[in-house]
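Can you read through this structure? Questions will come right after.
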Amino acid sequence: MDKVYSSVEEAVANIEDGATIAIPGFFAAGVPRVLLQALIKKGTKNLTLACGCGPMLGAAEELTQLVKNKQIKKVIDSYGLYRSATKGLQDPFEQAVRASEIELEVYPMGTLAEKYRVAGAGIPAFYTPTGVGSVVEEHIVTNIIANRKPKETRVFDGKKYVLEYALKTDYAFIHAYMGDREGNLVYRKTARNFNPVMATAGKITIAEVEKLVESGKIEPDCVHTAGVYVQRVVEVPRVSFAITID
Amino acid sequence: MPQKFQGLPREMIALRASREIKDGDYVNLGIGIPTLVSNWIEGKDVTLQSEIGMTKTGPLAFDDDVDQDLINASCQPVTELPGIAYFDIFDSFGMIRGGYMDVIMMGALQVNGRGDYAGWANPAARGMDIGNIGGSMDLCAGATKLFITMMHTDPDGGPKVVNEITFPYTTKGKVNMIFTDLAVIEITPEGPVLKEVFPGLTPEDIQSVTGAKLIIAPDLKEIEL
Amino acid sequence: MPQKFQGLPREMIALRASREIKDGDYVNLGIGIPTLVSNWIEGKDVTLQSEIGMTKTGPLAFDDDVDQDLINASCQPVTELPGIAYFDIFDSFGMIRGGYMDVIMMGALQVNGRGDYAGWANPAARGMDIGNIGGSMDLCAGATKLFITMMHTDPDGGPKVVNEITFPYTTKGKVNMIFTDLAVIEITPEGPVLKEVFPGLTPEDIQSVTGAKLIIAPDLKEIEL
Amino acid sequence: MDKVYSSVEEAVANIEDGATIAIPGFFAAGVPRVLLQALIKKGTKNLTLACGCGPMLGAAEELTQLVKNKQIKKVIDSYGLYRSATKGLQDPFEQAVRASEIELEVYPMGTLAEKYRVAGAGIPAFYTPTGVGSVVEEHIVTNIIANRKPKETRVFDGKKYVLEYALKTDYAFIHAYMGDREGNLVYRKTARNFNPVMATAGKITIAEVEKLVESGKIEPDCVHTAGVYVQRVVEVPRVSFAITID
């Protein structure tokens, strides 16, 4: 099935206020920035951005714009704040988090990776050793005190584990190096990161690709994300950006 | 309060810690001093894993070698070594939690003598009790050997090897050794054992800037680089 | 006991069932009659998934086109269609359980009127109460539409659309439609509705070889091919 | 690290009686037959073969030999018996299962896939919808009645799920198309199947590769199994075999 859209605007046109969108990228690598820019242009409000490792620090301009437009309700991430507390003090996003205007829900990175993966794989919950011995085992870690719901733990073979749940999203924005019309995707080097798991987590998965090719042009053994997971494909120019998050 | 003692520079802490890495080891290096350890493994048959999704990470990239699609977990441009493999984030954390890393090195805000450590949130500096967990808790959960590399005291001269941890925990009971500018400390069931000191310092000097009560190793020696 | 009625050959059951597949559908076909459905989707924009780990599975391969590294989930050599993708088994079952298949077609030993079916073990024939589950239960767990294609009666002429299932269950309450050589039956909250019959047969004929009590559709018609 | 062994005999030399070995392959595709032959030659007894989808039907000669040598204690599989009950009646393996001389433990295929995957990923247990409404939700399905231990179920959001556990094995035999000295592996077409998950499930993973190459010769974005999971690599000739399991 041909899943190609002619523009990013068209690809995001029906995203409604209040949507939860998975945003892949590991700091500056593999962030779907063109789709984020389309979302800013569209002005969708009340968004939850479900991230993995600070993609919005890599897309700092887009983050600041989204915050200024008051489009964000909540961010889920493992690394959502600048490393430097001093820099963070001046950051509009961190200011909004500190003022409880935006919720920041924090998980260990590997737990997040698995939450997205199982969401696409029909698994509702899993046990992980990660976070035991920290507040992560006790409750959901968030700046909004009322949302700190308790977590379950359980001992298997004498070792303690935390029960964590699947995280399915309404949409997933994906950044791929190459894609075909069926939605088969190939990522490049470390820009892969959260893209494949998030492609399976989105009910509607929209992939921006730097290179759109005809079906049959991707080496079948080297497809990273099978087209079955992708509902919309749109070709975008390669965006250059600064590699820093300090 | 200024620092009471002058010790190793950060690069030399990294050098000392690098001595614990053996041929054949798969190693993950956290942000901060651990990252510097990568400068000291040349000639060793060691594989660096970056949790962003690669094994056989090469040295930092500069100028024309910079590729924005090739960064390490500290967001620094890096290069490829022969045998490099890229993989998905869930596979990366699968191998981390699954115990495939032989050595994990992390920075810390506080460590105590029972092998607990805090490194992901500094409520005092940040003005809130949440921060960046990143991959630190996963790395601890899967660690075979967990080493902390850090300055012995905080910027105000206060101890970072503490009696009681006051910042949010990263993990409990998992730290094996601590490498600082002033000392090498091993965590044992009996407590923290002072194994090596910066040349010229006495065990009493180290204890004076340490919160946890140290056990002095019978074979205590100077840090050898 | 011989078969009471002569109906559609297996290929024609597959043809009828194939009518339920629409452009854009991702489809998984089980072993047996479902596999034959792949002969009837030419011209449709349909993607066949094989749980062994591929999407865009092509037609069966013969002679020089046979590649021992390219088989479908029934262990038959197949070919590639443009846009084919290979993936790991956990990814394959991830997409199956995760609900990414629009249509799943399976064979069965017994189906009842509540949408339960049995297909993985035949204790009578095997001499034990275990057998081959394969991917059948995963396919049922993730099914959006689950269709059963089978002969209406067993080799001895006994009903396979039964009142009570006696073989080990594959799943409960998931079957949407049944396609046999004699009839098309839809499972509804009210019970099994007879929608289509083989030309020349009456609802009473069908009921006479069916264990479950059938509801006759007001718009009952002959099976159209 | 160079992980290459000079022969399959050497690669399996230290496998002890009573070991559990993961055997990938989906019927005839991707089965590590040369390693299985080395295991027959070595005569290791009391083995548990942890399979995914009938690799021993694809390697029927090896299975019969292992049964005749009384090397097998137990097989774990989703599809371990011939499709035809008539053919099964004459099969030495099925006869041994029927006589309770060999245990056959049966799981749904996707559950097995996930059991191997989570074993390598430090996850002890997960919930799956698969098997609900069948005996699979009630107890471990095996021909040995005494081993039919009950399973737990739990309802999330009104839907019932079964708790299943990780399956870690002492060894994993892997068949790959290509491998380098670090143990990075590439599979070919549908011969991939259970190989990647089982490579992560084995405490010691031994890969037979049809083509051994120097490190750096495999396209890094197309590595299917990273070398970190593989402890031993051995080059083997490509074995041709009949594609049938009926």
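The chains carry the letters A, B, C and D, assigned in the order they are written, with residues numbered from 1 in each.
Rule of thumb we're sticking to: a contact is a pair of C-beta atoms (placed from the backbone, for glycine too) under 8 Å apart; a residue touches a chain by one contact, two chains touch by 3 or more.
What you are looking at is a predicted structure, and each value in this text was computed from that prediction instead of being measured.
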item	value
Pair exhibiting more inter-chain C-beta contacts, B-D or A-B	A-B
From chain A, the most remote chain by mean C-alpha position	C
Whole-Å gap separating chain A and chain D, where each centre is the average of the chain's CA atoms	34
Averaged-CA centre spacing for the pair chain C and chain B, given as whole angstrom	57
Cα-centroid distance, chain A relative to chain B, in whole angstrom	28
Junction residues of chain B - those touching two or more other chains	54, 86-87, 90, 93-94, 96-97, 141-142
Touching two or more other chains - residues of chain D	114, 117, 121-123, 128-129, 188-189, 192, 220-221, 224
Touch-based graph of the chains, sorted into line, ring, star, complete or other	other
Pairs of chains, among all present, that meet the touch criterion	A-B, A-C, A-D, B-D, C-D
List of chain A residues in touch with chain C within their complex	1, 117, 119-123, 180-182, 184, 200, 214-216, 218, 220-221, 223, 226-229
Interface residues, chain C side, partner chain D - complex	31, 50-54, 66-73, 75-77, 86-90, 92-94, 96-97, 116, 120, 122, 125-128, 130-138, 140-142, 168-174
Touch list for chain A against partner chain B, complex	26-30, 52-54, 58, 78-81, 83, 85, 88-89, 97-98, 104, 106-111, 113-114, 116-117, 128-136, 141-143, 177, 188-194, 196-197, 224, 240-241, 243-245
Residues of chain C that touch chain A when the two form their complex	23-24, 26, 45, 47, 49, 54-56, 80, 82-87, 90-91, 93-100, 141-142
Parts of chain A lying in touch with chain D, wherever the complex brings them together	114, 118, 121-129, 156-157, 159, 161, 165, 186-189, 192, 219-222, 224
